[in-house]
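You will see subunit A twice below: alongside subunit B first, and alongside subunit C after that.
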Partner chain A sequence: MMTNPVHRITQGQFSFLPELTDAEISLQIDYGLARGYAWSIEYTDDPHPRNTYWEMFGMPMFELEDAAGVLLELQSCRRTFPQHYIRLVAFDATRGVESVVMSFIVNRPSREPGFGLIRQEGQGRNIRYTLHGYVTDRPEGERGE
Partner chain B sequence: MAIGAEAGNEAPQARNDGPTAITDAKRRYRAGVIKYRQMGYWDPDYVPKPTDTICLFRITPQDGVDPIEAAAAVAGESSTATWTVVWTDRLTACDSYRAKAFKVEPVPNNPGQVFAWIAYDIILFEQGSIANMTASLIGNVFGFKPLKALRLEDIRIPVAYVKTFDGPPTGLIVERERLDKFGRPLLGATTKPKLGLSGRNYGRVIYEGLKGGLDFMKDDENINSQPFMHWRDRFLYVMDAVNKASAATGEVKGSFLNVTAGTMEDMYERAEFARELGSVVVMIDLVVGWTAIQSMSRWARRNDMILHMHRAGHGTYTRQKAHGISFRVIAKWLRLAGVDHLHAGTAVGKLEGDPLTVQGYYNVCRDSFTRQDLPRGIFFDQDWCDLRKVMPVASGGIHAGQMHQLLDLFGDDVVLQFGGGTIGHPAGIQAGAVANRVALEAMVKARNEGRNIRAEGEEILRQAARFCRPLHQALDTWGDITFNYTPTDTSDFTPTAAVAH
Partner chain C sequence: MGLPMYSIPGTAAPAPEGPPGAGSAAATGAAAARVPPADRAHTVSEVLGESQADAVIDELDRDLVGLAPVKARIRDIAALLVIDRLRMNLGLEAQAPSLHMSFTGNPGTGKTTVALRMAQILNRLGYVRKGHLVAVTRDDLVGQYIGHTAPKTREVLKRAMGGVLFIDEAYYLYRPENERDYGQEAIEILLQVMENQRDDLVVILAGYKDRMDTFFRSNPGMSSRIAHHLDFPDYAPAELLLIAERLLAQQNYRFAAGAREAFAEYLAQRTGQPNFANARSVRNALDRARLRQASRLFADRERRLTAEELSSIAPSDIRASRVFQAALAAPNPKT
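Showing the complex of A and B:
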């Protein structure tokens, strides 16, 4: 078990709060839609902090008007990947932003083993650090329980 | 007659040639002393070109000095003029080089002061050099005797000149992508006590803060390489703490390693060591000066490094309303010079800053196009031509109990730094970090849900404190702490001047 104060990976906007209910997730989706953001759903079994490219669960949803459509997709993703990390990501295409503007985790595996820190001692007291995700010792597709 | 002569001041031998620019060359260049406005530094009909830099100065002339002559003198002394006529002007296209004061107005509610608008041709400034621009605009002129006081309030930098700068090496958008942190302010803390900790003890504070939930820790401005902690020791221990906290949380973490030093060679050496150790960010202090800032910006750009700017020293010249430079001008220059983070005030914390004025600084850092906004002290439209955006930093005497005010004032794109408000937590540093992170996430969530955080903020914090004991303790400890003093620097403008107070 991870030893940080919330005992889990703390990526995303709301990892320190109690799990968001679907009703609460809907309100966040609405907030993004009202600002013209496009929502997408991404999942992974390798939550290394430098693993930028989680798998896309379908295309970003550019033309939605209410949260129900996103929630439907999310439920489908949860059914397909119940032991993966799943995040909702909002994208803002405004000139000068053109990037992710919201991102929060909406599904986690039942066990989060976290990361080990490998220290490679170099010259002098210099150390090279590597974060190693315990789950990645097993091949892709065999990491859930 | 020279400036000041009306008041009976001792003046150099004067010629009496009338109130406006002398167009007859023979008379204009006769040896002797004439008024600045006769020399061509005052032109009420001048229409600024799109390529001109425009400065707005607040001028307090000495008693008896005519405001228009004072404005012309400021234009002259910040461009080509000297105190007397020189024939060598005639070897140049001298009218191009003369800055032109073109408008003078009394400052509302401040008798004895005037605002003066002055335009500078683009040929006056070397491309890509803040040092060169500042040597003119805030050079000799600030010591000019006929003025009691002088302040550079705002500046319009032409697109053509903006495009000669690279700007922030990373910018707030790419910073977020690199750190994988979106949709909320970033959280930081400055390590305390700022002086005296050994490297080993210093790293402990870093580890606890980051593991507890902060994104960043930070060296203070005056931590360099003193006898109690050599810089290499600090960097080595800090990076162990950063990486260990990253492993414990699964998040990218950083600590602003202050590479400020006595020479550029030392700064480069320190920055390179920070890079070797895998730091995502280095920091410098404003006191290193413009050229050093631009050099470090280039270095940061070549090395994929976020460059954090601590505005150490700015209060000596930005705080007093009558004399110096407004911080909004410093912020504009720093965006051009190229920093990624900039301390820009808290409005609610322990350091100077009227809320609207501080919002003006934030807008200068983050806008794609800054519109004139007099209540926030912004006098000019400013097109930033897609120059990257600077992440403002709010630091100094803020705590979790103010989270609703901070989020309401500054939005998502800001680093909120709770130093004492993390490290001084009664249950320890990790608990302090948890309190801040929970308060922040709860407030962002509530705002997105459509709640009015300005009105309901305290209730939202109390609700979150029900499931988070560290937040409960933080609110018990600091909930009532405020720093309510009258700001010294507020904007002066005509339409609704009372709003600024």
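Showing the complex of A and C:
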């Protein structure tokens, strides 16, 4: 059985949909801005599901009114990291919420090898399972190609 | 339709978009997202009716005293934008007009107020999406050390996207006496965004006339990207008096008998003095007159005050001003 038939990781919102166009991304950003969320851009080359904290690309963008500002920053991130995963993250600062409320991937490397399941035989008949991203077999900086 | 609402990349149904970040696709996408509000109108009144821009222009005419050349110019610009919209509906022109402006004039002549209204008008006509105004000065754009300026300027630009960026005293950005000044870097980033993202934001530069002229002479790139130069004239004494009355009316005050004449005399004295800032000076003078009125009423503890007394500025409140005392000390300031 293939565990990754489409060779795309699925994390965050819209990840089962085709890539969002920039116009669609703008609409999502505007939706968030209308609710007072602060958008930020994060990137990584290790898409392991437990890799929660990606690198920040610049500061979170507070006090924006229009999607064009976020899109401007996104384009510059895509130019800098064309072969990384890039996601847009919306932070809701409302008291009591104070957490990330939207997150979706907006850029992927051209090749996504996916994950392998590693079985470690423990004591007795115990087996411990772990996920291993094939992409991390290569050192940082060479993972995109 | 039996087709699924999704498609898996790499299978028969192609994804609607090419590789992410493709430049042309991004441009058309952005254009498609920005649907003009009046895209089917074929007459001027249809555009105005759908956009409600007329209401803002009328309000501008009504609320702002004087400034006849500025108002005329704004009407011209609005007319041009409406006609451009009609042309676009008929497919005659696709290029977005350059809307960057420069407002020159002495302090207190209403540059910021007009910029706010301009943002509303542009928003109603569909030339900026959100219509907010971000007012900044040199401090907000220029950093303090190498590598600080670019992120700082970009942050301001990002905040202003979809609205109007109002740069007050823009000539401070350029300091020719210091060749390592970071202001030049801010100007370059500004120019780049002004050129490339014309439909995302409108930049308005404001400042004194002569210094702005010098600024434009030393930055020809900036000058050539600014389509509209609006010059704000000083207010005439009668206009200043009208402004004073409106300001008082806004706060539920009014001039008592004789106070209007006293204020006219005050203005005559004040305009000749240095640091006169037109409407702003009028507002400050009125604030001080209100202070004096309050302490005058405060002095008489037992009196029952009527609404009439509480809301009227007496001539004595105005004549107590330092300006008159200075005039008394030097009885003939002309010589």
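Some notes on this structure:
The rule is short, and it goes like this: the second predicted complex is superposed on the first by the 136 of 145 C-alpha atoms of A that agree within 3 Å, B and C clash if a C-alpha of one lies under 4 Å from a C-alpha of the other, contacts with A are read in each partner's own complex, and residues count from 1 in each chain.
Methods note: a residue touches a chain if its C-beta (ideal position, glycine included) is under 8 Å from a C-beta of that chain, and two chains touch if they have at least 3 such contacts.
All values reported here derive from a predicted model rather than from experimental measurement.
Contacts of A:114 after superposition on the shared chain: subunit B is touched, whereas subunit C is not. Of the two partner chains placed around the shared chain by superposition, subunit B is the only one that A:103 touches, whereas subunit C remains out of contact.
In the superposition on chain A, A:95 contacts subunit B only, with no contact to subunit C.
By the touch criterion defined above, A:16 reaches both subunit B and subunit C. In the superposition on chain A, contact is made by A:68 with subunit C only, not with subunit B. In the superposition on chain A, A:137 makes contact with neither subunit B nor subunit C.
Look at A:27: by the touch rule set out above, it reaches both subunit B and subunit C.
Subunit A has more of its residues touched by B than by the other of subunit B and subunit C. Residues common to the contacts of subunit A with subunit B and with subunit C across the two structures: 6, 16-18, 20, 24, 27. Interface residues of subunit A, counted against subunit C in their complex, comprise 6-8, 16-24, 26-27, 58-59, 61, 63-73, 75, 78-79, 82, 106-108, 110. Those residues of subunit B that touch subunit A in the shared complex are 173, 176-177, 180, 182-184, 211-213, 232, 236, 239-240, 243-244, 246-252, 276-278, 368, 386, 389, 412, 430-431, 433-434, 437-438, 441-442, 444-445, 448-450, 464, 467-468, 470.
By the touch rule above, subunit C contacts subunit A in their complex via residues 6-11, 15-17, 19-21, 25-26, 29-30, 32-33, 129-130, 132, 151, 154-155, 157-163, 197, 200-201. By the touch criterion given at the top, residues 2-6, 9-11, 13-18, 20, 24, 27-28, 31, 47-50, 52, 89-90, 95-104, 114-117, 119, 125-129, 131 of subunit A touch subunit B in their complex.
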